[in-house]
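Next, two complexes with chain A in common: one pairs it with chain B, the other with chain C.
The block that comes next holds the complex of A and B.
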């Protein structure tokens, strides 16, 4: 019995001494980085911007209601690599920096285009602290500018701002879910290429300054920019948070090769099967000066098929959507089945056109398969060696696309039958 | 020798005495003096004890020598003798009593004066104040015979003695009784004493045992036997609500302190002639009456024999409590859970008996032991089966969560805040960081302080007299928590953790299991602080091994979880099946009758012949 007690004591004491609470860190001994920004350095390879949470301002220590301005502190420093930068930063940040709650990695467009993220993208997933579901974003301005522009109004905690803002794609369709893990896998994959959220700082301070130079509506031969014809930083808005996200940065490997605007991003989501729902505006097919808005939802997962014809890939994409009528400005009674077909057809054509524009843009101009069509091609090979030798990513540029969109309008909303507005001078369409 | 004796000496030779005086004074001032003995009473060692000590020393010395030498291994005859003596010494008390019996006769004498003498000696009359010895005369067939009666005041019912024993003996015996009976003994027994529970005893030993337990012994001159009437009538608590196992739905009565009342409560619930109540008395001196209950044609014979064997083998002098008894008959003292279920509820005992278990009751205690117990059973409350089965399952789930909280929550909190920061939402970790900002201790110390304070309040709350108790518990907890937060000794989030843990521990239906979990919780805190989730996982693993390896009366403690059994026990394991689905008794008890009810126990769901209604629901 005495022996047993001795053994028990020795084991328990040794457990304590040997483990020594080895990597024990109290919560209040750590500084939580919420966002990491990477820019091209002036004096060194990288300029690192770290947004660090100030818990006392956020948690409030019982007093409730923190101050959004003071909720985080932003430090910028230049160093050769990310981890070197963290070490450096700890010389003036009193608490040990911890990346386990970093929500977003922002890379400047300049750095991304040069392929400057190669080095640390290889290193990042190795670190234990980095969350695989951290968002990755490309800032059209410098990453530092973007992070400094994040001054949440509705939230106190910037982490919450990132979480909510970057997940808005589920009901807007203007960005995608691009987490670090996904980015990393696609970057190394033989059949797909990564994308990142496009971020930017709003150009305008006041309504008078608005212009649409940055909008893509011109290229699409539209008279006015629709809601999807913008990229981040170009949205005609003032007030609120200056940091914006819209569109996607298209990568070839670790190098950024182009941008997609909001509308193209929506089509990207549809083809990927990640599309949830969003409003879509179009000119009325019967009355061109009026607008129609549908709330579009995914009804089935997309069907994607790749056939090889004469050694060139022919890609079939079949999208099935359903929609609710949201706005019918013209007052035309589209709820009637015979009219409904017209509206459905117009929308199908509209989406099909936009989709083809996007597909050929990626294949012919950017030459990067961000949709992962290669997955379908891969099935046609028997051995991995053959597939590797085939080199799908090179072949993608020769692809031709057949897009089939099937849209069904299911519900008219609360109005069952539209009728035009009546004026005393007899105007009002019949 | 005390020095003051010298000082008091008369001074005969001046010079020498003066010198001696000075010497004494210096001695008194500078050296140690034995303080004057002012105790009025010293509890001295008994002579026999001193002898025992001496013999022990003698015994040890040769042992030591042998150990030093370590050459020969010869059994020491002296040593053997000693161990023999020790064995005798251990039973000293019994021996004394037997000796007493040997000196004087063991059986009732024909002469009343002998009996009177003997009884006076045994009961130390008149030193024993509550002993009543009443001498009187009875008239049998116109013959006056002296008699005496002996009983303990307070333990007996005076009214019964007056009306049913004294009155008939002294008054009614004068009536003309139509009988030719000439023998005084049978005449008294058959005609005069109208008391229902009357024994005729010959041996002093059994008479004394009866009198010690609230009996009344009657000695009559010229009769070689004594009449012992059972007139127990001490003050006791009635049948009240159980204190520990309260339910909303179900019977509200609990066991009391009287053994017979308790057995009656079970019998009242079971109403089965196969329910056996075996009497066993435990304790050499206390002779505490115990009852072993089982259902003859359900409980496994081997199990019953084993319980009987363990009970009979117990050799202690006094035992009064079922808690003491539990510790004497449980399998292993170190398993972190009770291996015998203690309950205050007759309905629970009845249910468990019908499963094929054995219950042991002890006189003077409202807790009844039911064995064997398995771990899943300790997590159930009788109410589970009384409410409809969805509600019962809801209660089970809530309780399960509560138990998990009580055991693991503080450990997990420590592990998460010290090692796994990435696990909790950002907002929460920032809130924890903010709340801990001004706290000077590591979170382990912080949580230990609070847990300790909580346990202290709990323990003190029981001791605090009557009406202040619960108030102080609540006020203490609230104020202590509030003040500790205000003083930045603990963080507010931690108060929530500790409070939830405390509430969770009250959700454990079995009080004894709650104890085990409350203690092990501290182990999990240390493990969590030492190695995070790795530590807690290791702890759970070891805890699981510990429980799985335990057995209660030959039944694996974790059955039917591990090892699995063929049938039975699963319907009421973690979730509960509807009552009509519980068809089979738990297989791990190996009962004689394995089925509780047939496949279709609700006869009405069966279709009547020739009828094809839609009432034919599957059972």
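The block that comes next holds the complex of A and C.
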């Protein structure tokens, strides 16, 4: 009996103690931040925008389906630092703010260019609540504008929107997986520099307003913009979600030094070995006014090699891709082996040219090794001291590049032989 | 009670499980960071190097021990230097155990605060570990080793799961430059890191329970081998994910690795597995070492019972653990002193005692003569 009483007493006491009295936090007493936006402040160092989940609206309150518009609430405030801002926000948000479900950190381009993110990038990994896989994005407009423009149409839950949208690079190739962990490592690295997803707010409300002033097709001497010739906010589209992602923000340490458009981002992914698959449009090599579209996939991991010749880096990149024919507007029978070679060669040259443009842009204009070629150079050193003294990041600007692209078209889709469209005036006849 | 203790016997599996769990605890606390601190990108080479050193030291000890089947270090000390040496050796090991358990207790409590119980006072968190230690010591060595035999495979499987799951983040270029901060750091500073195997010293006190020399030898090699394999995999994985010099920033390397695991939108936040492993290791480590503190004290001073010692020692350890003013001091005490110099106590003192016993006092034991 005494033993029983003892056990009962111990269990009763432990029940109280083990429930973690001091750290007890009820789920419905917490407000989960989904997105954090950072802009340059007007009255203080930072303007902080917090998108906070409204779980009742996400769940629909038991009435079947939630309301996307009401699924989150957005607050903006100014303070000296991010954590100071959270403290301030806790004064007018009824529940305690919690960052453990924050999916994205959006920084305005203005702040990123001034290197204003240095301070909080150093603070972020220290925080237990912030996840290392939180996405990092740079907004071409203010971060507040971007977050306020996130009004998901196909999802109720904004967190799901961010997760799906920011992972779309796997089938578009127009952004990359840039999370906090990766950004932090590269920011402090001696052989690689970080990038962040480029975000923006669409400029157009209606189709009539469309223009291509913001497209990069002109710089590439193209007659029309191809799908990769845009950066976030400049895509010629109306309707749907105004918030867009396209391209990458290029950093030198914690300071943003440039932008990459969608096409350059695709080449970045290919060189990094992170490219999965994507459509790629090009002018038909035999009929320039028509387009060809291939569905391109990575065939093998890229081969990268760095040699030092006369104290200057010579970088060799070999990319191996395979593709399926998606569209042949001209009706030329590219499926025939002798024609297939022409198409493959044209694509190889097209990609090679784009890659060289990107590589020289990063080395000569941005002077930042976002590809991590320094990793290959590091292998040539025996000790860390020698490598540190070598100063790869300073030498990258003198690099020359040899790019080799090998593309093999494997399948023609469901059409094995193309034939042209016939017109009454005889056009199209071969 | 003494009679009962003599009857306790456990097998090679249980003993190995105990020693492995005690050694492997460091992997959870901060071992990979310590290796990266020692030699930079060559931290993994330090692991291989100290493993060879530990195996070499154990080889010598094991050969010397062959003449002292079933005797622990205190028995052997008594044989060569009488009660004085027995008490002296006992006090040295007691001081070492008390120091190490206090720092580790504080580290575990602080880690718990960092990971999950941020608002709870440190004394409140420490109290839970103390309760576990007391319960473990009351249950005795047999219960502890049997518990270890069950939990150790779970701990190792959990660690392996984390290392495998984090593999998409591996970057094999991180091990270059191959010699890290240089051969002097690897083989000079690295030499002191042999202390990571210091928990093997507990094997010299469980010899009466494992009886045969063959078992002693097997347990020693298996424990060092398995622990070294996990140390290597852990350090290598950490280095491949967190390159030098960022690798020296991580406070809890394995926890930080587990936070990176993510497979799709569903399989995330695997660090809960880590917390389970971590809590299990902490409890086993603390209660086992605590048991040995009271056991060694009892044996050193030839007391009949150890249970009345449990509460006073628990209070003593609790108080010592709260002496470091902050977490950084506790971590520094652990890495600068415990993981640097305790090899002297774990390997040098036993070798000196065994050499003296074997070559200068051999055969003084009547029983041994009779057996011969």
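In this section, the second predicted complex is superposed on the first by the 408 of 430 C-alpha atoms of A that agree within 3 Å, B and C clash if a C-alpha of one lies under 4 Å from a C-alpha of the other, contacts with A are read in each partner's own complex, and residues count from 1 in each chain.
The definition used in the following text is that a residue touches a chain if its C-beta (ideal position, glycine included) is under 8 Å from a C-beta of that chain, and two chains touch if they have at least 3 such contacts.
Since this is a predicted model, take the numbers as computed values, not measurements.
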Touched partner set for A:131, first chain B, second chain C, both or neither: both
Contacts of A:379 with chain B and chain C, given as first, second, both or neither: second
Partner chain in contact with A:26 - chain B first, chain C second, else both or neither: first
Touched partner set for A:1, first chain B, second chain C, both or neither: neither
Partner chain(s) touched by A:188 [first = chain B, second = chain C, both, neither]: second
Partner chain(s) touched by A:416 [first = chain B, second = chain C, both, neither]: neither
Which superposed partner A:58 touches (first chain B, second chain C, both, neither): first
First (chain B), second (chain C), both or neither touched by A:309: neither
Chain A positions touched by chain B in one structure and by chain C in the second: 21, 23, 131, 160, 163
Chain B to chain A touching residues, read off their complex: 417-419, 421-422, 426-427, 429-439, 442-443, 485, 492, 526, 529-532, 535
Residue numbers on chain A that touch chain C, as the complex places them: 17, 20-23, 125, 128, 131-133, 160, 163, 181, 184-185, 188-189, 372, 375-376, 378-379, 381-387
Interface residues, chain A side, partner chain B - complex: 15-16, 19, 21, 23-28, 30, 32, 34, 53, 55-56, 58-62, 98, 100-101, 103, 129, 131, 157, 159-160, 163
Touching residues on chain C, where the partner in the complex is chain A: 40-41, 114-121, 124, 128, 169, 171, 173, 176-182, 242-246, 249, 256, 259-260, 262, 265, 268
